[in-house]
Each structure stands twice: as structure tokens, then as C-alpha cells.
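In what follows, chain A forms one complex with chain B and a second complex with chain C.
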Partner chain A sequence: MMNVKTERMGDVLSADVEGRIDGSNVVQFEEAVRAVIENSDRAVIMNFEKLVYISSAGLRAILLTAKSLQKQDAKLLLCSLSDRIREVFEISGFDKILPIHATKDDALASLES
Partner chain B sequence: MEGDISSQPGKILVVDDEPDVERLMRQRMRREIRSNQYEFIFAGNGIEALAKLQEHKDVHMVLSDINMPEMDGLTLLDEIPSVAPNVRSVIVSAYGDMKNIRTAMNRGAFDFVTKPIDFDDLRITIQRTLETIELWRSALESRDKLVVLENELSLANQMQQSILPKSFPATDSYQVFASMKAARDVGGDFYDMIFLENGRIGLAVADVSGKGIPAAMFMMSSRTLLRGAAIGHSNPAEILGEVNSLLCENNDTAMFVTLFFGIFDPVTGELVYANGGHNPPVIVGADGASGLLPTTDGVALGISPGFDFGESSIELAAGEMAVIYSDGVTEAENRAGEQFELDRLYDVFTGVPKRDARTTTVDVIAAVDAFADGNPQFDDITCLTLRRC
Partner chain C sequence: MTAEFSLLLSATHDDIVKLYEELEAFAKREGWTSKVEFDLKLVLEELFINIVDYGDCPGTPVRIAFTSEQDRLTIEISDSGRPFNPLVDAPEVDTSLPIEDRTIGGLGVHLVHKLMDEVNYRRDGDLNRLTLVKSRNE
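Entry: the complex of A and B
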């Protein structure tokens, strides 16, 4: 139901998240992401293009990831949200806390500036 | 799985320097005393109260006045945990004395009642307090015996149910009715009604992230902080701002609560509201036509310290309703994996005008049930309807 494919670009990690993040798999999601983040990373870009559903437990996992990245002065960026996922972020106000980009390239470009 | 408190009476220590209180309490609670439901003991100030707690190790709850000689009620609150850690305290304060009520809540009071004491309200408060104590005691006793997770989930569910108001106002000018259908093992919805000055009423629907005991504790704090803030401030944006700041303190586990809060004035029909990242409520006209309540700037509470919440207001006409719900309604799924969504919620109201608040809430939950058609419920389903008559 949920799959995370990661790709490393130097000190930036990109994670394509597929399927659903909800109470049933949120722990696996957190672990899958945590396992590949390195202490030297300066950013993680989560690509939500193929994410179809996220529950509040999923939002919390995203927030925990952002918090733990903050401790190593790294950022969490989100990109390519479908309308439905974007709506979840907008209603909950999470779009005000986490940077959201239209595409992965935009997210990468924001890191350059 | 209700806590069994009928086998032994709930023992209540009443602390008040007013000599008439003992007589009044024994008289107004005579039925409960006779039926062995409650047992009262009395103390005249904080010092005496602590001595009684040392002597009577079986006291369940303390009902204390604030202003007393020797040791006042607020100081007593600080001292109780070291003498009787399992005792819960309810404070009696002057109506509108927000400063003392806030202080009492911050010092660990479980609830408060205001003077002049409404004994029906006091009975409900006592019952709820005793039930919560019993839940804690039974949890402490059984924690070694039961599978921890199941136990926690059931306790969390009971804590969740215990904070939900079960009786609702229905006057000539307005009605409120709410219902929460808990999911088996996730969920953290709650609703609340807070009666304010000049007949106004605060209405809240909230959804806590996470599950189990930590989420239930977070829910309890959210509710207590909301009640305290609602008495201390008059506008919803400030109220959410205060609750948010307090929830953000030491929130390392990144728990959060989405919360819609509105204050309805039955005289003017005005609903002033602020929204902490919760689904926008639906406004249903007297003719059954629906639309979303305009959004205000907000974010889920507990994660963004110092956030400045937006606020807006709407005037409900006679027969109009505000339906405040959680995402368990719109995100309920059927076997085909389709979600209930907003359009099906609107359909519940279309062409069926003049329903009361109770019927509306019941119909919404029934429609979600019918749609899910036995597919497992993944999230709590909550619906609160406010109707202006």
C-alpha cells in the first residue's frame, strides 16, 4: 500500500512516496525514511506525485521527520502534490509550516539559491 | 467496560470555610449519601484538608473552595499530589473568576464548578471525576496483567468517551446535538460545549493525531486548555492562540490537534469562529441548500508556536444550521475505496428542510454508515450540529 523509493544526489536525498500513508503503515514509513537519511544530509525532498492519501498520523510522521532534520540543520521539502493531497496540507495549515514546491526541479532550485 | 464505582461509595473531601456548606451538601446530596453512592467528609481550610487526606487514604476526590484562611485552595492544589497522588481535585470558584480558574487548572485541577453551585451540574462533575479516577485505578491495577496495547487502546477510548458531553441544549432560540462514533483502534476526535457569559455558547470539534494513551492525554490537555482559554478570552482567535502556545510547549513528539472553535450568540444568531487546521464546517440553509463556512487563516494546534489565527463570523438565520464535523465523515471509505466526500454530505441535507439538530447529526452519521456498508471504519466519525430556531 505504501512504497518509498529513494535516490541520493550528493547531500540531498530524494524520496518518491507511493500509495497511502496512514495509521497502518506510518511506522514503516518513518523507518524507511530514517534509515536512509545521513547525518551529513542538508535536505530531503519528498516527492508526493504518487501519494494518494495521507492521514493525520501520516502528517505527524512528516512533521517528526522535519523536526529531526532540523536538528542537523537540514530541511524537508515537499513537491508534486496532487490536488487532493494539497488540500489536506492546506486545511491542516501544514502548507504554512513546510515548504511545498510544484516540481522536484523547483525544490532542488530552491536549495541552490 | 464502565468503571464500577457502585460497589463502594465515591469518597469526597469538601474543603470550605463556610460553616453552612456541610449542612447544605448533606441535604442536597442526601439521596446519593443514603444510597451509598457518595460519602462526604469536610475540612475548613487547606491545612485541615491535608490532615484529612493523611487520615483518610481512601478519598477519591477533593472539592475545594479557593478563598479560605490558613491555606487557600490554590496552595492546597500544589500540596495534594505529595500527600495523595491519586486524588483528583475540583475547584469551586466565583463565576467569571477566570484568573483563579486558570491558575487552578495550571496547578492540576481536574475541573471546576462555579458559585452559586448548581447541584445537578455538581453531580455530573462528581460522576465524571469519579469515573475518570476509576479508569485510572483499574488501568494501574491491570497494566501488568493485560496485553499492553489492547489495554491502552481501551483505556484511551474510555478517556475519550468520558470527556464528551452527553446532554445538549435545546432552547427556543437554538439547539445543539453532537455524536462521536469511535474507530476501533485509531482516532482522537472530541467535541465540546462551553457555556459562557450572557448565554453564549462555545462549540468545538477536534481531531488529535496519533493514538493510544499519549494521544488521549494530549486530548485531555487540549480540552482543559480550551475550556480555560474560553473563559479567559472573549474571541475565538485569541482562544486558539493561547491553546496553541500552551500545547507547543515541550511537544517533542509532534502531536497536534485540528480544532474548529466557534462562539454562538443565541440573541443575535452570530457565530464567531476560528479554525486550527480543521475541516471547514458546512452551513445548511433553512431550505436544505449547503455551502462551506468561509475559511480563516489557521494551522493545527501544537506545532507552530506564536501562530496568529484568523477569525471570521457569520449570522445564522432562523432555521439555518452549522454542521461541524471531522474528516472521519468525508474520508469514510466504502469497499470500492471511494471516499464519502463533501458532495455526499451535502446530499444528506438537500431537499429535506426543517430538521432539528439531533436529526441532522443522526442522519449524517447514518448516511456515512450506509455508504461504508460494513467496510471497516479507519477514523473517528464526529458530527456536531448547531441550529438557530
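Entry: the complex of A and C
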């Protein structure tokens, strides 16, 4: 089960991801995100508060999203990772290439400064 | 006390759901911590999908045998796919590279190494046999 709920705040897109991203639904996840990102977006915030599981298939999708955003000079930010999910990101070294914030408000505030 | 459990899957994407369900039920019966359960789900999904995607053995049996002891879990995965030793055959991941230079391969096996305490491989006739050990004292 996986659900992506998006909200647009000007040129910042917020995506609340719920459930799990694994080999069985990663294509659905990629399409859901790609469909809402616009060329003029400055940043995408993925809120993982309700994400309970992610496998390497999900990590690859996030890396590809970050790469494609970088090409349009936009950033991918992550927030509200559980301890388990955070460990997976750290082991993969993704905490060094993507900003991870404690809350969505923190992520938004970082864009203003 | 030692508990044993084994799971017979076929090398298809559909069986990933069966793997999760059986693993969850066994974790509950055996009282695994949520961390052990999370790590094993992730590691077994990665290895199972590798067999399905790269083993060149569609629909053949994949057996996963668990031995659950007080302080550790031992898991053996056997499949009849082409010889694949994740200890040497998977691309290495450089986790220090910037976004533009990071490649997408090898992450699954990297996670397996980091989340398990021991990983051993042997080729046994026509079978790949991969043994994993996970400490329960974390």
C-alpha cells in the first residue's frame, strides 16, 4: 500500500508519502511524483512521516528524482523520517546528498533563508 | 530454544507479497523486535528480487530457511539461478559521491552487508546458497 498526497505552495511542491515504497509499487511512486513536478518548481519536499518501509527500489526512485530536479536547478528535501527509514538513508549515504529535516516546517524554513 | 521455519517461494515478482506475509507471521510468533523484522524484510526483499530479476530462472523454487535462536537468527536462501555471489559479483557502492555521480546499482546488496552481521556464499551443485546471520541483541 502506498499513497502520495501532494500540495503546491507557489514554486514549492510538498508530497506526503504514506505506506511503503518497494519493488512492487515503485513505478507507481515514480509516476505519482513525476506527474506533479513542474519545470518551474524550485523545490520538492517529501514528507516521510507516514512512510513505514523503503527498499533499494525506492531509494533508486528518490535518487533519480533528485537527479532530475538538479537538472532544473531545483532541490529535493526530505523530512520526518522514522528511525528505521533514517538508518536506511544513512547506510546508503543519502543523508550526505539530500537535506533531511526533522519537520516539514523546518524544511520550508530552510528554503526561505 | 531453537525454532525453525522454512518458506518455499517461486522466482516471480508476485511471490514477494507471500514473503512479507510469512515473514510477518513468523516474526510475531517468535517475538522479533521491530528492528530485526524491518531489517530482515528489507534484506530478503533485496535478495529475492535479485534472484527474480537477474537469476535467469523464472518460476523455479527459492527456499528460505530460518533458524531462530535466543541471540541470533540464521537464514539460508537457496536458488537455482545462475551463479551469483553477492559478496564479489555486485557493483560496489561509493556512498561519498555527490548526487550527479551516484549510480543506481548495487544499493540492495550494500544494504544486505550493512544490516546483517554475517553473509556467506557457496555454490552447491546447481544451487546458490547464501547464509545470513543477524544478531537479536540490538
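Please note the rule applied: the second predicted complex is superposed on the first by the 113 of 113 C-alpha atoms of A that agree within 3 Å, B and C clash if a C-alpha of one lies under 4 Å from a C-alpha of the other, contacts with A are read in each partner's own complex, and residues count from 1 in each chain.
Assume a contact is a pair of C-beta atoms (placed from the backbone, for glycine too) under 8 Å apart; a residue touches a chain by one contact, two chains touch by 3 or more.
On a predicted model such as this, the values are computed, not experimentally measured, just so you know.
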| item | value |
| --- | --- |
| Combined model on chain A where chain B meets chain C, clash or fit | clash |
| Which superposed partner A:Leu59 touches (first chain B, second chain C, both, neither) | both |
| Chain B versus chain C, judged by how many residues of chain A each one touches | C |
| Contacts of A:Gly23 with chain B and chain C, given as first, second, both or neither | both |
| First, second, both or neither for A:Gly93, with chain B first and chain C second | both |
| First (chain B), second (chain C), both or neither touched by A:Lys5 | neither |
| Chain B versus chain C as contact partner of A:Lys67, first or second or both or neither | both |
| Doubly contacted residues of chain A, that is, touched by chain B and again by chain C | 22-23, 55-57, 59-60, 63-64, 67, 91-93, 96-97 |
| Partner chain B, residues of chain A touching it in the complex | 22-23, 55-57, 59-60, 63-64, 67, 91-94, 96-97 |
| Residues on chain B engaged by chain A in the complex (per definition of touch) | 185-186, 207, 209-211, 253-256, 258, 276-280, 298-300, 303-304, 307, 327, 331, 378-379 |
| List of chain A residues in touch with chain C within their complex | 22-24, 53, 55-57, 59-60, 63-64, 66-67, 70, 84, 88, 91-93, 96-98 |
| In the complex with chain A, residue positions of chain C that touch it | 13, 16-17, 34-35, 38, 41-42, 45-46, 49, 93, 95-100, 102, 104, 107-108, 110-111, 114-115 |
